[in-house]
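There are two complexes below, and they share chain A, which is joined by chain B in the first and by chain C in the second.
Take a look at the complex of A and B:
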């Protein structure tokens, strides 16, 4: 695996749009497929919003983002120091149900799952949330 | 984000609202306020022109849902409604067509179309590729 880009910064809800623009540009600049980059950014935006809005409750908080390449796969790792939250533990909606019968909540997490090929959560040894978003075939 | 409003001179009170740029957590309230103003001044049918909208997050979807509720004269939901958005809309769609009778979507870009599809919005809000057909659908 090769790390292509990383950043450490304090983030607030107002920073999310700037950050996603920066990351999309960074992915394309290192040769990432624009369509794959767009999907990754849709998913990552929801992860960032979860972190700043629910994790940090809108207050400034530390965030680290890393962009990796593993063969043809694009991997983005997001770290924050908010209270532990595992979005992958939220049950996926049963999309075979009629809309009126679907369970409440989780639209952003549904988008994260849909727009990535893999989504992993872990807690680091120092207690940070580590969310890994993977998009296959993102590099030619 | 920029919003361009065009009110049509027709028998029905129809407006076309073009959203330019990104509909997300930072901008969706602006859309809601604009549509609320239109409703206050009598607009009851809305075409949302998405041809210049380049990005839509889950907050943007809540914005779309809220617009639908506002056009019905109903209380908008809160940001955390999630799938409840779909429950509320789908309870009140036109029983014949399955689509909302007051709001139509026009020409979403592929990235936005994907989001509408995977969240089920495109099953509830009818999507048109040309403006005249969208307007004549009311």
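Take a look at the complex of A and C:
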């Protein structure tokens, strides 16, 4: 596996847009397929928003992002120090319910799953959340 | 995301919201829609041709605008209920124009495409209200 990019920073909700653009540019700059990069960024956006809005409750918090290449696969690892939360354990929403009868929201994790090929959660030995997003065939 | 607003007249006056950018926040759209509804508008066409992708917050924004317009409109609740049960109901108040492939994917993933009519031609869309 080859690490393509990483960052360690304090993040607030206002940083998500900039971060998203920065990461997409980094993936495309190393030859990532633009469509795969767009899917990954959409999934990662949901992960970032979950972390800053729900995990850190809108307060500044520590975030580490690593972008890796493994053959033709693009792998993004997101670490935060928010309270433990495993998004892969959240059941999918019932999308067959009529819109008029549905609760608002609940689509973020569903989108994360859809726009990646694999999604893994772990807790690091020091208690951080580690979320791994994988997109296959992202490099030619 | 930016929103430019224009007006068209079909059978009713229609507000057309032309969205540009990634649709990843809900407040911009909901604020504009609430303002239009407060001014008496009841029909909104969302022009999505310059929207590359829709995130969960964008979907939530669409849902909130759907609710706003349903509440403001004079929907025949019995007909709505029957249509929902028969799986044939689409809202007469909110329609979508020219979503990108990625946007269609998000709408389909959320199941919103069952309740929101999607058009590829503005004139046809306006005349469908």
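Here is the rule we go by: the second predicted complex is superposed on the first by the 127 of 140 C-alpha atoms of A that agree within 3 Å, B and C clash if a C-alpha of one lies under 4 Å from a C-alpha of the other, contacts with A are read in each partner's own complex, and residues count from 1 in each chain.
Keep this in mind: a residue touches a chain if its C-beta (ideal position, glycine included) is under 8 Å from a C-beta of that chain, and two chains touch if they have at least 3 such contacts.
In this text, all values refer to a predicted model and were calculated from it rather than measured experimentally.
Q: On the A-aligned overlay, A:49 touches which partner chain: chain B = first, chain C = second, or both, or neither?
A: both
Q: A:14 in the overlay: touching chain B, chain C, both, or neither? Say first, second, both or neither.
A: Once the two structures are laid over each other on A, A:14 reaches chain B alone.
Q: For A:38, select first, second, both or neither according to whether it touches chain B, chain C, the two together, or no partner.
A: Both partners, chain B and chain C.
Q: Using the touch definition from the top, say if A:111 reaches chain B (first), chain C (second), both or neither.
A: A:111 contacts both chain B and chain C.
Q: Based on the superposed arrangement, let me know which partner A:30 touches: chain B (first), chain C (second), both, or neither?
A: Neither chain B nor chain C is touched by A:30.
Q: Where on chain A do the contacts from chain B and from chain C line up?
A: 17, 38-39, 42, 45-46, 49, 95, 98-102, 104-105, 107-108, 110-111, 114
Q: So in the complex, the part of chain A that touches chain C is made up of which residues?
A: 17, 20, 38-39, 42, 45-46, 49, 95-102, 104-105, 107-108, 110-111, 114
Q: Show me the residue ranges of chain C that touch chain A in the complex, using the header's touch definition.
A: Of all residues in chain C, those touching chain A are 24, 52-53, 55-57, 59-60, 63-64, 66-67, 70, 80, 84, 89, 91, 102, 105-106, 109-112, 114-116.
Q: Given the complex with chain A, which residues does chain B contribute to the contact?
A: Those in contact with chain A are residues 22, 24-26, 55, 57-59, 61, 80-87, 89-91, 111, 114-115, 118-120, 123-124.
Q: Taking the complex as given, what residues does chain A use to touch chain B?
A: 13-14, 16-17, 38-39, 42, 45-46, 49, 53, 93, 95, 98-108, 110-111, 114-115
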